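Chain IDs A, B, C and D follow the sequence of writing; residue 1 opens each chain.
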Amino acid sequence: MLEMQQEMRKVAKELLESGEATVVIGWEKGALPYQTSPVLIRSAEETEKLVWDEYCQQNLSNYLIDFVYSDEKVAIFAKGCDTRAFNRLVQDKRIKAEQFTVIGVPCPGMKDRKQAAKGVADVPLAKACQECRYPNPVYANRTLGQPVTPRATAPDYSDVEAIEAMSADEKAKFWQEQYSKCIRCYACRNVCPACNCTNCIFDQSKSGWQSKDINASENQFYGITRAFHVAGRCIECGQCDMVCPSDVPIMLMNKKAKKDLDQLFGQYDAGLETESLIPLGRYDVNDPEEFM
Amino acid sequence: MERVGVFVCHCGSNIGSVVDCAKVAEELRNYPNVVHSVDYKYMCSEPGQNLIKEAVKEHNLNRVVVCSCSPRMHENTFRACVAQAGLNPYMFEMANIREHCSWVHAGHNEEATAKAIDLAKMAVAKVCKNKELKKGHSPVTKRALVVGGGIAGIQAALDIANNGYQVDILERTPSIGGKMAQIDKTFPTIDCSACILTPRMVEASSHPNIKLITFAELEKVEGYVGNFDVTIRSKARSVDMSKCTGCGTCMTKCPGKADDEFNMNLQKRPAIYTPFPQAIPNKPVIDRESCLKFKSRKDGKDVCGICAKVCPAGAIDYEQEDEIFVEHYGAIVMATGYDQFDHSVYGEYGYGKYPDVISGLHFERLVNASGPTMGHIVRPSDHKEPKTVVMVKCVGSRDPEHGKSYCSRTCCMYSAKQATLIRDHCPDTKVYIFYMDVRTPGKGYDEFYNRTREEYGVEYIRGRVSKIYQDGEQLIVKGEDSLLGRPVEILADMVILADAMIPQNDAAKMAQIVGIGYDNDGWFTEAHAKLGPVETHTAGIFLAGACQGPKDIPDTVAQAGAAAVKVCGLLSKDQLETDPCTSEIDPALCAGCGHCVGVCPYKAISLETIEERKAGKTISRQVAKVNASLCQGCGACTVTCRSSAANLNHFTNAQILAEVDALCQTIL
Amino acid sequence: MSNNPVEKTENFEPKILVFACNWCTYAGADLAGVSRLQYPPNVRVLRVPCSCRVNPQFVVRAFQRGIDGVLVAGCHPGDCHYTTGNYYTRRRFLLMTRMLEYVGIDSGRFQTRWISGSEGPKFQEVVTEMTEIIRQLGPNQKLRDDVTIEMQDFEEEAVNE
Amino acid sequence: MEYAYYPGCSLDSTGIEFNLSTKAVAKAFGIQLVEIPDWNCCGASAAHSTSHWLGLSLPARNLAIAEAAGLDVAIPCAACYARSKRAEVEVCKSEETRAKIEEIIGRPYKGESKARALLDIFHRDLGVYTDKNALKKPLAGLKVVTYYGCLMVRPVDTGFDDPEDPISLDEIMTALGAEVVPWGFKTECCGASLTACRPEVGFPMTEKILDAAKKSGADCIVTACPMCMANLDMRQDQIGKAKNVHYDLPVYYFTELLGVALNMNNKELGIPRHFVPAEALVNKIGQAKTTEGGEA
């Protein structure tokens, strides 16, 4: 990883010195060993701040939205999931691909910083990284290093299936318990590359969709709605799980939607390209028929 | 401040005998925002309507709810009434307490009354969120497009043109004429098809109001009723139409050979060709697939060029390219016709591998005096006159297993016609017809069928053919005579299969381009099976002829005339009224993701650039915008829109949520 | 409140919300009326132009507010007045039905059906059957904003109003 | 490859050559055929026309025994195949049918053991036509018409090949080096038992097939059905004599010709047992044209 880190610093330096970029988005070390945070580098000297370690899980692509109306020339380091997020934003017309320089970084998988924070000795990879099928950039202007072998070849739905196997009452209890913990801080939404609306309905106080009440019912309305909104659009980066302060298993909802959509309408991995229509934005006259 | 008036109708005893209308009125009187609530015997009667008008004045109502029958019945009645009372007609809602309540819950008076109260409360909750809406207007382009230049298209165009409107005929082949030009004789009168068609073709080509666009494809249809923008691809003819005199020298000298589609591939035609001698326009095109010059160009060579050398007018232009242009129309008539079912799916008929097992359309060309055999009925395999001919009906029709479930309507008659033609041409030839039923509803049709049997001595056998196989030079046709209940075996020289009529193979794609519906078989869907047979669900687009379903020539011509009348009715207006219950997108909420653009069936949503102030700068960004004239108000976009920027007038999120909440409030 | 105001009772009569498209199912329900086809008075029809207007969020909202069952009904695929609306409905609710069951809504409480304008008897049949299913299931407890499902180790943390 | 083997009644009697040749070539191809212990009649012809449930239960019992052993069933006879497949299809189609049949036969049958026509097994599972090297004596110069009969590929839900123009036997024969002559009688009915009980109906049916085969110019007829064999082979002389025609059309089971191509002994395959002398034709194979055929 150190080798890659050197390479990244070198590339960033070149970009800034040549004027090809005026700002480079990457990761820097935080206060604690398991903390690595996004950083904007604007000068060659600062490139020494750039790090590439096992905690670079943050998805950087969302930061590009802030540069859409800027004159700055932005270069961004991007793992597999960052590039899928990048495509997500392009497909949703939130950014234009040609405006940014994407430097792809094959990703060996990032560790679970929540586990690390708990002081676990042998910190495992984050769940999303364990299940990652696209660790290599799917879009990039240039890619550093050598491609890595995907850690999974097929989605792992064992956790979803465990829930599915429960009785209706058990499911209801499980989710009520989970969503009772939710404090509706909206961190999951803010970090999500698929939640990129300029005006989220949960910020529209007069929309009538939802009250400000925080209870299991309202929180679940939020949870189900969000899962539905990102259904077929989720790029499976797992950031939502990672930022949730209440440990609500958010990906468990998103994965359920993906499992069903794939099963019903054919496999579709979001963010691999930007041309196709999302599963819920198209139809096939021969879709499964259960409603006769 | 919402001031709602509620009016509960007894509908005589229709509602009143089950629902306690007085109780409904009373309950509603105490419901929020309701300032006036009464029940009355007949709300739709004149005194009933006056009751509403007076109450609006007296109680200063700004919203009205009528609890009575289905809005599909009387919504317009009460909207007009409310408008007369001085309110916007959309400040009105109906609760259906008859069809959905009293009529279906007879004897359950208590429950029905409770349900009526719920329905009334939902209507009140909704009406409080109603907004004043106004109908819009859009202009009309006084010109029509007819897609397809067969008899349906020609007839529709002539009728429109004769009413004084401009009309273009778009035809994909080099000539107008369609399937009717391929047919030899027409039933039941046995008059020559070409003799009655060609005068119409000439009339269409010389009519001052008609423009022919042949050898061209429909690429794209945008816009809406009264204002269609149609993108047309005029395919490269490789012949300059303005120079060509139609002398035909090129065709006689051309060394290229291709299957002659017009003659069902029974012979070859040159690569530069007109489909048939009476073609209109009578100017050839080069079929680049079989032209030696164009073929050699693919190999980097450039040979032949004979047509250019012999053309006295210098009209040959090898460098011509497809031309794409956009035309504007107020209405479109789809007259794209049909295709013939391919009987090669039938193993029992030999999977299409026996040369002397032919289709009905093949036979038309065989028997036609200008066809490949000069009208001599001979077998394709050895050009001998057949002594025994077997005809099989319902090939692909009425057979959901291998073909289509529907009846193709024309086969009974054309088989009878072809049988009489065989008997006329070859009096010694025996003709057998296997049939399931004989269907001859039409003027003079059954009489014709009877003559076929009685005067022409054609033998009808009721039963299916189970097997056809080659036996030396002949064909053995095995079947069952289900009337006599015994197997039949006929040694035949030729078999004619009455193949079903099926939609053009690209009908579904065509329907999607113009934005109309099509059924499971691929026929275009009319707006209403009985009361809207030439309209489609898309305003301004009409149907003529077999593209809507199997049809014979008289029905096709009648339908073409009907479609033309609808077009003229539309073009005669200067402005069209538009329904205000359309979608609207709030640009402040819209993120411009464009997912709604894809789901709109009317292409009513487009992305447009707006300017905004953001962080002290003027920025431009894209947002979705609905063209209210195009939008038909389905609401697909509202659910696709995650940020609720898209909303449907009169069925807004707030209105529906209010109804849901009002209903649920009464739980517990 | 952490107690359940809703208990299964002997005489429980469910309340069922039907989202009906204007062109097919609403007309089918009208036809049921005109034909005097009797069905349980438990259903309330809410008219929408097309089944594709029904936002799944409306369904969740209804369950939140205590509805016992929701039916979304529209034209048969291929018959949509707006040509394609119900194809989107089908996709959305194929997914949503599964999602709702995933969060514990009993199977059968939420249904989507195609009922054409000529299918008055089918409307009768569908709502009768659905009413029966939900009678058996009892009052809806899931997702409700006024009910907390009793949980063993969770009484303390239940946050409800 | 291991299958349960259901010979049925004819393979011990009129169709003994089919049995002999099947066992011989199966062994040569490494196919293990385990005869179903205590097998019973498949019920063909009679059972299903008297009782629907008897018609399904008789073959279901055989399948059930095979299922217990975890094997699919190889069935040479077309009639046995058709009845057994029908039982399997009906059991798979309806839970109710399955329950009732299980009750009747007194043992479980889930429809997991599949009824397979021997012809289908040789065509699909074995893929003989891909392994040209296995052929010691290709059938070069032999002109055959393939005759499937009416039951093997019909009706559509029990058939394994095109019901109007089946090709499995054609492909096997082509692979063996024979020339398959096209004709229209692949799936015509031979008259079956009508040749015995109503000869005035049955004989003309067999006669037509023989006439057509003769007219086609083929040297012989290849079949996969013992009933068809009986009619075409056993009745040939009688039919010919009645109209003073000497057909001289040997009829072979496809397994016999497979054996010939593997250069097996005629006797081992049962070829000398035919009514229409069948040895001479196969003995001619390979004599003049071995080299040519070998290269093909």
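One rule holds in what follows: a contact is a pair of C-beta atoms (placed from the backbone, for glycine too) under 8 Å apart; a residue touches a chain by one contact, two chains touch by 3 or more.
Given the structure is predicted, the values throughout are model-derived calculations rather than measurements.
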{"item": "Of B-C and A-B, pair with higher C-beta contact tally", "value": "B-C"}
{"item": "For chain A paired with chain B, centre-to-centre distance based on mean C-alpha positions, whole Å", "value": "46"}
{"item": "Whole-Å gap between the CA centroids of chain B and chain C", "value": "35"}
{"item": "Chain C and chain D, separation of their C-alpha mean positions in angstrom", "value": "58"}
{"item": "Whole-Å gap separating chain A and chain D, where each centre is the average of the chain's CA atoms", "value": "62"}
{"item": "Shared interface positions of chain A, touching two or more other chains", "value": "209, 280"}
{"item": "Multi-chain contact sites of chain D, meaning residues that touch two or more partners", "value": "none"}
{"item": "Per-residue multi-chain contacts in chain C, two or more chains", "value": "56, 61, 78, 84, 88, 92"}
{"item": "Set of all touching chain pairs, with the criterion as stated earlier", "value": "A-B, A-C, B-C, B-D"}
{"item": "Complex interface listing, chain D residues touching chain B", "value": "162-165, 183-185, 188, 212, 215"}
{"item": "Residues on chain B engaged by chain C in the complex (per definition of touch)", "value": "70-73, 96, 98-101, 103-106, 108, 111-112, 114-115, 118-119, 122, 515-517, 519-520, 537-538, 581, 599, 601-602, 632-636, 638-640, 648, 651, 653, 656-657, 659-661, 663-668"}
{"item": "Touching residues on chain A, where the partner in the complex is chain C", "value": "163-164, 168-177, 180-181, 209, 213-218, 220-221, 224-225, 227-228, 231, 253, 256-257, 260-261, 264-265, 279-280, 283-285, 287-292"}
{"item": "Partner chain D, residues of chain B touching it in the complex", "value": "346-348, 351, 467, 469-472, 476"}
{"item": "Residues of chain C touching chain A in the complex", "value": "56-57, 60-61, 64, 76-78, 84, 87-88, 90-107, 111-114, 141-145, 148-149, 151, 154, 157-161"}
